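Following this message is one structure expressed as C-alpha cells.
First chain written, first letter: the chains are A, B and C, and each begins at residue 1.
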Amino acid sequence: MAQIVATLDPKSRAATRGWSDITIRNVFIIPTVTFLIIFNIFPLLYSLGFSFTDFKASSSNPAKFVGLKNYVDLLADPVIWRTFTTTLWYVIVSVAGQFVVGFGLALLLNRPIPFKGFLTTLLLLPMMLSPVVVGLFWKLIYDPSWGILNYALGIGKVAWLTDPKLALYAVAITDIWMWSPFVMLLSLAGLSAVPKHLYEAASIDRAGKLYTFFRITLPLVAPILLIAVIFRTMEAFKTFDIAFVMTGQPQAELISTRLYKMAFQQWQTGPSSALAYIILIMVLCITNIYVKYLNKAKER
Amino acid sequence: MAVVSTRAGRLGNRIAIAAVIVITLIFLAPIYWITSTAFKPLVLATSVPPTVVFEPQITPFVKLFTKRAQLTGPVDKEVYDAAPWWEKLVLDGGERLARDGNGDVVYSAYPDRFVNSLIIAITSTVLAVGMGTITAYGFSRFRVKGEADLLFFILSTRMLPPIVVAIPMFLMYRAVGLNDTHVGLIILYTAFNVSFAVWLMKGFIDEIPKEYEEAALVDGYTRMQAFFKIVLPEAATGIAATAVFCFITAWNEYAFALILSNRRAQTAPPFIPSQVGTGLQDWTVIAAGTVLFLLPVAIFTFLLRNHLLRGMSFGAIRK
Amino acid sequence: MRIATKGILAGLGLMLASSTQVLAQELTILWAEWDPANYLQELVNDYQKETGVTVRVETTPWPDFQTKAFTEFNAHGSAYDLVVGDSQWLGAGSTQGHYVELTDFVKEHNLTTAMAPATMKYYSEYPGGSGHYWAVPLEGDALGWAYRKDLFEDPTEMANFKAKYGYDLAVPQTFAQLLDIAEFFTRPEQNLYGAAVYTQNSGDGVVMGVENSVFAYGGSFGDYANFKVTGEINGPNSVKALEDYRRLFTYNPPGWGNAFFAEVNTAIAQGQAAMGMNFFAFLPSLINEATNPYAKNMGFFANPKGPNGDDYAALGGQGISVVSYSQNKDEAMKFLAWFVKPETQKRWAELGGYTCDAVLLASPEFRNATPYNEAFYQTMFKVRDFWALPEYAELLTEAADTFYPYVVDGQGTAQETLDSLASKWVDTLKTAGYDAK
C-alpha cells in the first residue's frame, strides 16, 4: 500500500480543495439512475397508457380507450395462462439443470488440474455464442433425420423439437448447455474463496467427506450460488431468441414468444402493452423475493 | 477437498480429472459441429446420416462475403477458366456470383454488420462499465437515502424481458428518429448492461478496504484522486470481469437488434441466420458467419481469463 | 456585370442541383432473402448501365420479412425506396398510407392487360374490384409440387402400386391419388417418406399448406368481399381438406412439425421424400446437381384437383410498391416504368425471375425453359389468395395457431378446429370494425 501512495504525484498534495463527498456521490449516482429511469420507467409509463386502449402501432387510426378490457381478455385467455405455466416450468428445469451441471463441474475442477485456466476458458465458449445462432444449430443437431444427436446417442428418430412432450425440455437442454458454464464460473470463484484452514481443521478432526461438504463447503458457497441462480432465473424468464428460433410447438411456447407475436407480428400494441404490464408485475414480485433472500444470505 | 494426500484421494483426483475432460469434450461437441459445418460442402451439412469425416473446404467463407444466384445452365468453359480460384469454388457449387453494373462482385452485408457489432458492443461496454463503476463506488462509499430501494430498482430493470421494453422503446425511438441508428442501440445496450455492471462492481468495490483511500486522503489527496489512483487500480480485476460479461451480452444481443435496427445499424446476430441459400437453408454459410463472429469475443475472454476467474468472487463471499 | 453574376449564380445553382441529384441517384429495394432477390440485383445492373442510377436490393430472412418491413413502415422510415411486398400487405400498405398509389401508372402502362389477370388482381388491386392499384406484379409465385421421377418410373414400384391401388402410378391428377402415392412411398425402414409439406407455424407455412388443400377441395377461407367467415372456413369442403392435410402430414418424415421451404427441399435432396410441396420460387435448387443428388430425376406438377373437381392452388408471389416515406419517389417511379417494359420482363424471366407478363408467360419459349415452368404456367391461372385486409397478420397468426395442434399434434377434429377458427376470425374482424358473419 505504501508503494501506491508513494507513486502518487506529489504536486497533487496541494490540491486539497476538490469536490466534496456529497458532490462526488451525486455526480456518480444521479446520472446513472436518471439514465435508467429514462430508459426503463419512462417507456413503461408511455406504454401504460396504451395498455388501456386498442392502439395498433401499424395503423394511423387514433387509439380508442377500452378501459380494463385488454387485461380482462388476457387473464381470461387460456393460451396466456398456458404460456405462463410453460415459462415457469421452463425456468425451473433450465435453472435446476444449470445449477446441477455448473456446480458439479466446479466441484470437479476445484483441485489442481493441468491447464486448468485453459480448460475453464474452453468451457466458457458456449455462453459466448449468440443465442439465436445457438438455437439454429441445436435445431440442426436435434433434427430427427439429419441431426447428429440421435445418431450419436443411437436412439432412432426422436423428434426432439416437435414432440409436444419433449420440445420444452429440448430447449431447456440447450439453455443448460449454454449457461451451465456461467454457474460453474461463479461456483468456482466461491469454492476457491473458502479458506483452506477450514478443510485442514476438518481433516484433523477426521470429518467425513460428506460432512465436510455439507457443513463447510456448501454454507460458504451458498451466497454466490444464490447470485448465480438469481441471474440465471432472470435470464431464463426472459428467454426469447433460443425458443423462438428452435421450435413452434405450442406446448413449448414461452411468454416472451407470445408477446413478440402479439406485438410485432400482429401489431396489437394495446393488448400487448397490457400483457407486458402483467409480466412486469410478476417480475417485480419475483425480484423482490430474491433480493430479500440475497440480503439474508449476505448477512450470514 | 483441496487437500489430497491419501492414495484414495489421488485416485479420486484422477477420476475427477478424467470426468472434467470428458465433460469438456461433450460441451465442445456442438461447437465442433458448428465449426466443422463451416468447412463442409452444402449437401453434407444435412446428409442422412450425418457426415463426420469429410474433406474440408473454404467455400462457405467465400459465400459468406458474396451474394450469389443459382446457375440455370452449365458455365461457359471460358468464363470458368478465367475465374479466380475462389469464384471457381462458388461455380462448382452450382451458383454464380452476383455482380453489380460495373461487373464487380457484390459483397454481402456481413462485413458491414460485423463492423456495426464492433462499434455498438465496444462503445456500450465502455459506457456501461464506466457508469457502473462510478455508480457502484457512490453506493459503496457514501450514504445514499433509500439505497436498498434504488439498488433494487437498478436490478429490476435487468429482469424485464426485452420484448416488454421493446414495444414502448420502438414507439419512442420512432418518435425521436433513433430507429436504425448506432446511437439508438448503444444507448439501449448501455441501459441494460449498466444495471448488471453496478451490481457486479459494487461487490468488488465493497471488498477494497476503505483504509486505503483514507490513508491517501490523510496524505492530502482529494477524494477524486483517491478514486482514480487507488480504487480503480484495485478494482481492475472486477472491471475486467464486468467488461467481459457486458461485452458478451451486447455482442450477442438479438431481440432489440431485430426490432430496432434495419440496415444502417443492424448488428450481426439478426443477420447471420438470414444467409439462406438458394431454396435451402445454407447451414455452411451460417456456420462460417458464426465461427468468425465468435472469434473476437473468444479472444477477448481468453485474454482476460485470469481476471475473469479470479474476479468472480464479488463481495458475496467474505462479507 | 449584373447579368454575368446572375449567370454565374445560375450556373452554380445548376451545379448544386445536379450534384444533389447525383447523390440521390441510388435506390434501395427491400425484399426477402432468396434467389429471386439476387436475380433482381442482376437485373437492375442493366438499369444502372442505362441510367447511372445505382439500385441495391436489400434482403432480410423470410421469418422476419413481414416484421422487418412493417417495423420500417410503422417507423415511417426512408431506408427503403421500394418494397417487394407480399400480396397480403396491400390492405395495410394502401389504407395506412405506406404505399404510393399506382393507379395512374397502371393505366398509363396498360398493366391490366399486359400482366396476367390473377397477378393484377392479387398483387396490385385493393380493395378487390375497386380499380385502385398499389403495386406492379414482380415475382409470380404459387404452390406447386416436385416429385422423384426415378421412383415414379421404377418398373417394380409401378407394378406394386398398380397391384395395391388398382391404377397406374403416375403424376397425381387428384388429391385422392396424391394421398395414395404418399402412403405408398412411406417406408420408415428405408428412410423414405411419401411427401414433405409445410407445417411451420411461426410464419405463414402451415397456413399456406392448408390453404392449398382447402382451395383445391372447393372450400374457402371466407367471402372476402362480404366478410363472411362462418360456413366458409368451417364449411364441409374446408373440413374435408383439413382432414386430408392432416393425413398427408402423417406421411411426412419424422419430427416434421417445423417445416417450411428449406426443410422440404432438404428432405427431397437427402432422398427422404418422394414428393414435396413448395413455392415455385424455391424449386430451382432442386435441379442443381451440386445441391440435390436427384437433380436429374426431378419432375414437377401443378396442384392436383380436389374431390369435387375443383382446380385451384394457393398464391404466393409479390408485387413491387413505392414506399411513401421514400425521399426518391420520382426515381422509384422511373425505375418501375423501366421494369414493366417487355424487354426488361424478358430479361427478368431469363435470369430466373417468374415474370407476370401475360404474353411472355404463355410463350412456348418460357414454358419450356425449365422443368418446372410448365407447371408454373398452369398454376398461375388457377390461384387464390388469403385475406389482404390490414388485419391479415392477426388472421394469419390465429390460423397458424389453430391449425398447428390439429395438423401436427393430432388434437381434436378438423370440424372443431375450423369452428373455433371461424369464431376467432369473426371476433377479430368485428373488433376491427367489419360487419363479419
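The rule we apply is simple: a residue touches a chain if its C-beta (ideal position, glycine included) is under 8 Å from a C-beta of that chain, and two chains touch if they have at least 3 such contacts.
This one's a predicted model, so the numbers in the text were calculated from it and none came from an experiment.
The most central chain, judged by C-alpha centres against the centre of all protein C-alpha atoms, is B.
When the interfaces A-C and B-C are ranked by how many C-beta pairs touch across them, B-C comes first. Of all chains, C has its CA centroid at the greatest distance from the CA centroid of chain A.
Distance between chain centres (mean CA atoms), chain A to chain B: 16 Å. In this assembly, the C-alpha centroid of chain A lies 39 Å from the C-alpha centroid of chain C. Remark: chain B and chain C have CA centroids separated by 36 Å (rounded to whole angstrom).
The multi-chain contact residues of chain C, meaning those touching 2 or more other chains, are 67, 71, 74, 191, 266, 270, 272. Contact of a single residue of chain A with at least two other chains is seen at positions 57, 143, 145-146, 264. Counting partner chains per residue, chain B has residues 46-48, 170, 259, 270, 273 touching two or more of them.
Chain C contributes residues 66-67, 70-71, 73-74, 92, 96-97, 188, 191, 200-202, 253-258, 266-267, 270, 272, 390, 393-394, 397, 401, 404-405, 408-409, 431 to its touches with chain A in the complex. Chain contact summary for the complex, chain B toward chain C: residues 42-43, 46-48, 67-72, 92-95, 98-101, 106, 109, 170, 173-174, 179-180, 258-259, 262-264, 270, 273-281.
Put simply, chain A touches chain C in their complex at residues 54, 57-60, 79, 139, 143-146, 157-164, 244, 247-251, 261, 264-268. By the touch criterion stated above, chain A contacts chain B in their complex at residues 1, 4-5, 8, 12-19, 21-22, 24-25, 27-29, 31-33, 35-36, 39-40, 42-44, 46-47, 50, 57, 105, 107-111, 113-114, 117, 119-133, 136-138, 140-141, 143, 145-148, 151-152, 177, 181, 185-186, 188-190, 192-193, 196, 199-200, 203, 209, 212-213, 217, 220, 223-224, 226-227, 234, 237-238, 240-241, 245, 255-256, 259-260, 263-264, 269, 272-273, 276, 279-280, 283-284, 286-288, 291, 295, 297-298.
Residues of chain B touching chain A in their complex: 1-4, 13, 16-17, 19-21, 23-24, 27-31, 33-34, 37, 45-50, 52, 131-132, 134-135, 137-139, 141-142, 144, 148, 150, 152-172, 187-188, 190-191, 194-195, 198, 212, 215-216, 219-225, 227, 229-230, 233, 248, 251-252, 254-255, 259, 268-270, 272-273, 283, 286-287, 290, 293-294, 297-298, 301-302, 305-306, 308-314, 316-319.
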